[in-house]
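Here come two complexes built around subunit A, the first alongside subunit B, the second alongside subunit C.
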Partner chain A sequence: MSLRVTDLRVHYKTLKGDVRALDGVSFDVGDGEILGLAGESGCGKTTLGKSLIRMDGRMRHVGGKVELDGEELPIGDDRRMNPFRFHKVSLVPQYSMSAMNPTRKIGRMVGELLRSRGVALDQATLESRLDLVGLPREVLQRYPIELSGGMKQRMVMVISTLLDPSLLIADEITSALDVSTQKSVATALAGFRESGVVKSMVFITHDLSLTYQIADTIMVMYAGKLAEKAPAKTMVEAPRHPYTKLLIDSLPEVGVRHTERRLAGIAGSPPSLLDPPAGCRFRDRCPLAFDRCAQEPPPVEVEPGHVVACWKADA
Partner chain B sequence: MRRYFGRKLLVYALTFAVAVTVNWMIPRFMPGDPVASMLARANVSQPQAVEAMRTYYTNLFGLDEPLWRQYLNFWGALFRGDFGTSIWVFPTPVSTVIMGAVPYTLGLMIPSVLLSYFVGNRIGAYAARRKLLDNTVLPVGYVLTATPYMWLAVLLAWGLGVVAGVFPVAGGYSFSIRPSLSADFLLDLLHHWVLPFFSLFLVALGGWAIGMRNMIIYELESDYSNYLSALGAPQRLIRRYAFRNAMLPQITGLALQLGVLVAGALVTEIVFAYPGLGSLILKAIQNQDFFLLQGIFLFIVLGVLIANFVIDIVYVLVDPRTRTGMAGASA
Partner chain C sequence: MLRLDNVTKVYKVGAFGGKTLTAVDRVSFDVRPGEVVSLIGESGSGKSTLGRMILGLVPASGGSITFEGTPVKPGKAYYRNVQGVFQDPFSTFNPVFKADRVFAMIREAYFPGVADADWTARLRTALQDVRLDPDQVLGKFPHQLSGGQLQRLLIARALLLDIRLLVADEITSMLDASTRIDVLNVLADLKERGLGVLYITHDLSLGHYLAERTVVLRHGEVVETGVTEAVFTRPLHPYTRQLLAAVPRMHAPWEDAEPVETCLYHKHGATGRLYAAAEDHLVACARLGDCPKES
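What follows is the complex of A and B.
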């Protein structure tokens, strides 16, 4: 098991109180596995991704733990977490378009970054990685603004994976790109796994159909909690959670052509995470809700590798 | 690159031409006879002298020639460095009078602008990283920038000059010393220079420090900083990038501030009766010395334009984005 997250709770401190953006989430990611993380806006996907590598100043690690390759990650301790970053856990951020220092030539920036982490730049590795994502070597002599959006995205992917991290987090890396570029970026990501550069990956996106194309397992979150986790095929063909069902239904012919469809079309909105109501958080919008849903449904493994948090999971 | 500078130069040349033209037009299109009113105000009592000056100025203005020729003559004279003759210290050429004052103004401005710029930026960068320093730099900075040049100058003159008696409050050097290259004179010069320099330095300092602090904080929250932090890069590297990138808008800021800085220097000179261009303007106005005033203004316009051009060049040298943008444009 590469990554194991157990009952992770991460809150945002705000003036109005704690925003419980991650409220007890558990899951595993195996060696060589790509986990697709989906769910509508605000459900805590970015929070989860950041928790695994670097929390921002307002995030608090409230409970639960994260293990990577059998070693516990000190995610709440910025300083102790630092040795793991880049070496063990790495990130392809949502903001890849602006992730590189605009006033440094890319090659020089990469060299300075590596040296600052005490690693010597291995030109051959760097070049082979550029080949892997289909970038010409001369991009190293260029400034970031001289690259197209898709090129910047791929360049950041190369930088992030230079030290062969065990876990790579990719947060919404395709949302700023057009459809054909999305495809090539997703393919490049999968290529990193294929060639063994990264062991496992958490791929965050709104776009279920894109997730379906590259992920082995899909995890759907709802309002800071896990709703359902299943192998990609199962998730699309036989979802059990009412929320997931509605999501899948709103995507005709998943994975075929409708890559631009986003999660949408479910009436109502998720509850506030500032002071979430007790019981199932999907209750207000769930067509199947009944008395028991006033209690919180625990995640249950209905079949191997298929976890659902719903009282009606068997229905 | 060449096209970029060509365009810039053209804009500066046009600005200069407009300034010169306006300068040329004002005395000619003012109601009344400029020569007569100038002579009347000049308080020259001997009739012969008045007559001599009238002839001289009428010739100089070339008032009997057609306007377009007067205009061309004006430019011609300008290129020969001929700004006319001063009334106040008749018959010294205006250019000589100006050149006597320029070293004082430059000697004040260049060190105070550069030093306040570098020190201010450094302080601002430090403030951005330390809470305690920030809590002092910010309010002090705001007070300094909000202080009018004149007011700070008066305050310093009063405090360090009149009350403490440490520095002289007026003049470029003591009346008792003849200008020469002796150590005594240079020391005296320096002594007189301290207060006006310091008041210019202080007022500008606050603005740079605040600007830099805000820019650095902005850069430290930018995406590339976040990315580097996520990859565990040390703060040293991130701050180095942030400082450099924050410096770029500050360079533009310097260009924009130049006019204000010049105005501040002129006012400060007047407060300290420092013998630079500022005091010269005052003298020219008091003595109705129109040519002198005209010459000083042209000179200042030229100086500001040249400084702006230099800053343009510096900016292109330090910001690769402008360079690549230009390469793209000319390719």
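What follows is the complex of A and C.
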């Protein structure tokens, strides 16, 4: 098992109290597996990604643990996490495209970055990685501003994986890109796993159809908790959680026209995580809710590899 | 209703304006009442520039844009008929004021004589038309509302003016799947009421869901246009096909897709003049039928 997350709880400290952004989440990612993490805005995807590598100042690790290749990650301890970053776990963040230093040529920036991590630049590896994502070698002589969005995104992917981390987390790296660029970036990302540069990957996006294209397993979160996790094909063909079902039904795939089939959104909005309601968090939007939903539904493995947190998972 | 005829926009670029960049190149299409036209293009294709020209926010360099036969002239009279809604709803609202201030501003500018009770009734109707509960959204600050609610407030504001044409530029790209479909359905309702809608997007599936007609733009030029059904089910231009093949779909993995045929003569397919491939289906190549394609 590459990554094992057990009952992870991470809160944001705010003046009004704790925002319970991750409220007891457990899952595994196997060797060579790409896990797609989906769910609507604010459900805790970025929080989960950041927790595995670098918490920001307001985040607090309040419970649970994270193990990578059998070793516990000291996620609550910024200094002790340092040796793991880049070497064992790496992140391509949401909006990473603007994060590159604009005053340095890319080649020089990469060298400086590696030196700051105490590693010498291996030119051959760097070049082979550029080939892998389909970037010409001359990008190293260019400034970040001279690269298109898709090229920048690929460059950040190359940099984050130079030290062959075991786990790569990619947070919404394609959502600002056009369809054709999105496809080439997502395919290049999957290429890192195929070529063994990284062992496993967490691919975060709110776009289920995109996740389906590259992930082996999809995990859907709702309001800081796991709603459903299943092999990608099962998730889109036979989802069990009412939230996943409604989410999939609200997607206009090419081929659907409103005159023939009017799709519907999910009425209502997710609960506040400052003081989340007891019981199932999807309850006030769920068409199947009944008395028992006032108690929290535990995640249950309904068939091998398919986990659902819903009292009606068998319905 | 809205007619674009060979509309062109050339920007001056470079330190002394010495170079030029043609952002929009001889674009022609119509938007009729009760019709959604989707304008599909990737970033830099000129689709937002077109939207801004239609709204009179930037002047065209060539060609003509007419609304009901009259050239676009920005001003109160025009904006009573034609309004725009843009990508980022948060930037339209001032965070220090309550969100419904945008309605008060419309009232001051266009309807100073309308009595309070009458105005309240109109406002409630407009909100209900975009499927918002007035009691839930009025009196709130922007940060207390979701992106989809704010986007719908802006559409409601346009409806108060009794507009006939709405230009919607990437209005759903920042929204969640579930909210996005609600906003799209609101646009579909507008068309039922006889409004014309120009829906600008890079998302082909959303364009397909909503629009009667589709215009595909590349590097400022129209490469294919026509009835949505025809463009999506019988795409002719290699660029349209490439775009369609790249759309992630459930149940259809990318690796199972057939490779897109490229064009032997032009790297990405022909540009320039549009030829009728069928009634109401135009494509930028006269020879597609007998093109010896390379695969």
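Note that in this section the second predicted complex is superposed on the first by the 302 of 315 C-alpha atoms of A that agree within 3 Å, B and C clash if a C-alpha of one lies under 4 Å from a C-alpha of the other, contacts with A are read in each partner's own complex, and residues count from 1 in each chain.
Note that in this section a contact is a pair of C-beta atoms (placed from the backbone, for glycine too) under 8 Å apart; a residue touches a chain by one contact, two chains touch by 3 or more.
If you're wondering where the values come from, they're calculated on a predicted model, not measured in any experiment.
K.L.:
Could you tell me if A:Arg54 is touching subunit B, subunit C, both of them or neither one (first, second, both, neither)?
P.N.:
The answer is first: A:Arg54 touches subunit B but not subunit C.
K.L.:
Going by the contact rule set out at the top, does A:His206 touch subunit B (first), subunit C (second), both, or neither?
P.N.:
second
K.L.:
With both complexes overlaid on chain A, does A:Tyr143 touch subunit B (first), subunit C (second), both or neither?
P.N.:
First partner only, subunit B.
K.L.:
Have a look at where A:Glu228 lands relative to subunit B and subunit C in the superposition and call it first, second, both or neither.
P.N.:
neither
K.L.:
In the superposed arrangement, does subunit B or subunit C reach more residues of subunit A?
P.N.:
Subunit A has more residues touched by C than by the other partner.
K.L.:
If you look only at subunit A, which of its residues touch subunit C in the complex?
P.N.:
Checking each residue of subunit A against subunit C gives 40-41, 149, 178-183, 186-187, 206-210, 212-213, 236-237, 246-248, 250-258, 262-266, 269.
K.L.:
State the interface residues of subunit A toward subunit B in the complex, per the touch definition above.
P.N.:
For this pair, the touching residues of subunit A are 53-54, 82-87, 90-91, 93, 95, 98-105, 112-113, 116-117, 143, 145-146, 156, 159-160.
K.L.:
Give the list of subunit B residues in touch with subunit A in this complex.
P.N.:
It is residues 222-224, 226-234, 236-237, 241, 244-245, 248, 319-321, 324-325 of subunit B that touch subunit A.
K.L.:
Which of the residues in subunit C come into contact with subunit A in the complex?
P.N.:
42-43, 146-148, 176-182, 184-185, 188, 202-206, 208-210, 228-229, 232, 242-244, 246-251, 253-254
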